[in-house]
């Protein structure tokens, strides 16, 4: 479904991604883990069209989307839940969800998906008229995920969904991620919480200083010493 | 190598300026330079003072002031009152005008220090307008009609030496540790502060110095044109000065001087097409900003070394030592 | 001897506690690391120490004197200098001028002297330049002293920022991710440099860094911050095997996750 | 008391003009953080389009609509040609460009129609309504200004809160990058913002023509600056703030003129600006944002 080949991205003089390659098959949960500053978010931003790669290919369902405008990428069915949720704080929950379906014209389908989101996140329905900025961290994470689902994505990119959340909530969010995946959405997940991510993913990539240093089936990587090393140093 | 005041290039420069001064003086005395050229020559000088003085605030210190005409107004009115109403000599009037403007700069500087960027710009614009409205409401200085019949004390000697002095003073300030402190604030306020620069103090100093010389320019202006009105010093005037500084390059004194000269000359040429003049002027402004947002000179300055390099390049020399041996 | 003691330091941004009841002590001459996951509040601690932010609660004492409420430039004069996560050089000043800014507070001549170019000006400038060049030699930047800071390659910009902080002759040097964006070779050089500086200048250093190899390699002691709180403190070896730290970095233990 | 109420009414009609212009300032600032100094001149162009249409015999409403459409296009063109390329440029460069555009519109105006004052056709023969035995006078023109302003404000609220483009505008102004992740085209949204803001300024221009009868190419400068003051007072980037700020400024100015001297009016407006900036820079309705270190 998604094939990334030899991606190079620069921030001014900084060479942030140094030839990243990875692959996501349809129906999978793939996780990209690694320490702070390894380049995980940069990778996701490049996939979503927020950053332009200097070199490399991003094939999404066979089409090269490297350097394409962000809104076109969303239209193709690739949505992102950004790090730190970034919900529109001064808009209501409902408006946030509507914005998620910004490019869609099928009123009936939108309504149907809205219902689905409310089934998955009942708390959002309770707070439908509330301003997003007044929600708790966990609720904002749910809203951000619901908002992304409103575009009916084929591939969902999740950037640190556990960040800043209490452990119980993290578990809840992760089980929802599994449900979303089971309902047919392919997922690429970035996480600091490596153990958690590896426990739900089929495949994992480990990043370090702008490069993929390790990859393989998630359950194998979960046992590996190398992962701990990537985080806590040699 | 120690840099000294009486270095050879400095002496040459001084000689060059003195020659220019003497020749122009002779020209004015003998009538080779007619009134039209004289007017524009004087305008150029006044505009240079205004441009380099605003550059202290906007260019060096990176504070965004767009009410410079207000300080100019204080200098103009203050000095005119001194000579016209109180019978002081011109020299004293100049000092009073400039110091009065500097005090206003201090007063504007202190409360606006908390503001940054756009907000500071708007606040200074507001201050400029308030100064204008206050003058407008003082009957003693003629209200809307302004002051008329100011003696024409501004002559070539005054204007030439004061322009040179202004540029020299500001250049010397800029290239000292105090000027560097101001530039550091422009370049990165937080870093400057954590490196030990008292940013409040230097912002106030910049406002005060800038206002002082704007006041001086105002005083010279008032005593050349006989007459001043509050409308002379509206924000259109402030924008004019701002344009000199931005087009020349924020932070570059050379740029300010060149653009003050260039734009004054351009204005003079377009005098006969008054309506077209502003169209061209504004288009020029937009185009320069689109093509070269940092202004013509950026923050670069004229330097003797730079001239020498340029000369080498133009005359085809100085391809570097590597090439020299290869040729041999 | 204690150089810096931080007591119960807290900082809230509109209800959100970025730093919460942090206690730290730095002894003279120590090289200490401050680590923690993204958003743990490390840079906020630096901003509090340097006066960029004012604490909501708690106290910071440098040589037993509180520095809370002082302006950043005053704190710099008391002996704390720092670098920034996102390099903050004076881009349009030359390399040497960047360093000379740090000497500004000890300037020996006034504004009048500068404007009139009195002898004091030349002497003062010469002194500053000489000191600056000496320092640049140490950081191998002397040959670039007349280049604009913005024209330096990235690694040299990082080095210049450290040199500039050193020029203020601080007792405490705060380095915020000095190796960010550097390649392994540059990072190795940087480590050597930090060690060298510490030895030869008798300086106390507190550094934030993501590169664990660097932190574990040169720090004597490490504080770990998570959700604004210190969750662990100890030698690199202790930190590496600390359960709380592993959880903070790697998440909950695998057996738990599988159990659910 | 009578002076007070009379000035209140005068102030509300003047304030309506400020409010309409201020809305455009605040919307543009909210979305791309630009003080669009040329905005006051768009208002001037709006007045001239209205002038042209009414002298051709058009009625008030068609003239108003034409002027709004023309200026909406003008606003979009200005953004595309002058500002779009500078989105990443230093702020001062953008501000100077805006000043340049302002000069350009004024001087082109002078070139095209001359600097002299034009008299607006009398589309509404003045009718005075006497209230309280003639103690307070309201003219039909004042009523038109206030009614049109309120209607436009309601329309704007509808657009911003109920339509797709309005939601896109709010999303982009809050977080442009997150908006892109929703599939929102930021460039088109910015264009729409300029179009709507400029149309409101055009309406203000036509209304001023109707109210004061006299227009000239430099008429936009002062009201433009005042409207900016109004936007800041209300909290720049906040739409209801601009509306309230505009009305307040109008009333304050009318009261200063009524009780003191109209010569001090401008000084009071700018003093208010400086006080607000220093005491509460986020304005009456705004919230503070801080620089990340």
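Going in written order, the chains are labelled A, B, C and D, and every chain counts its residues from 1.
The working rule: a contact is a pair of C-beta atoms (placed from the backbone, for glycine too) under 8 Å apart; a residue touches a chain by one contact, two chains touch by 3 or more.
All figures in this text were calculated on a predicted structure; none of them were measured in a lab.
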B-D versus A-D: which has more C-beta pairs touching? B-D
If every chain is reduced to the average of its C-alpha atoms, which one ends up farthest from subunit A? B
Take the average of all CA coordinates in subunit C, do the same for subunit D, and state the distance between these two points in whole angstrom. 48
Go ahead and note the Å separation of the Cα centroids belonging to subunit A and subunit D. 42
Rounded to a whole Å, what is the gap between the Cα centroids of subunit B and subunit D? 34
Mean-CA-position distance for subunit B and subunit A (Å): 54
Subunit B: positions in contact with at least two other chains: 190
Set of subunit A residues in contact with two or more other chains: none
Which residues belonging to subunit C are in contact with no fewer than two other chains? 52, 84
Listed in rising order, subunit A residues that touch subunit D in their complex are 48-50, 69-71, 74-75, 79-80, 82, 86-91, 95, 98-100, 102-103, 147-148, 151
Note: in the complex, subunit B contacts subunit D through residues 58, 64, 111-112, 114-115, 117-119, 121-123, 125-127, 129-130, 133-134, 136-137, 190, 235, 239, 242-243, 246, 250, 275-279, 281-283, 285-286, 289-290, 293-294
If we count contacts the way the header does, which residues on subunit C are in touch with subunit A in the complex? 37-39, 153-154, 177, 180-181, 183-184, 210-217, 227, 240, 245-246, 249-254, 257-258, 260
Taking the touch rule as given, give the residues of subunit D at its contact with subunit B in the complex, in rising order. 33, 35, 82, 85-86, 89-97, 99-104, 106-108, 110-111, 115, 221, 225, 228-229, 232, 261, 263-264, 266-267, 270-271, 273-274, 277-278, 281, 291, 293
How about subunit D: which of its residues touch subunit A in the complex? 164, 167-168, 170-171, 174-175, 177-185
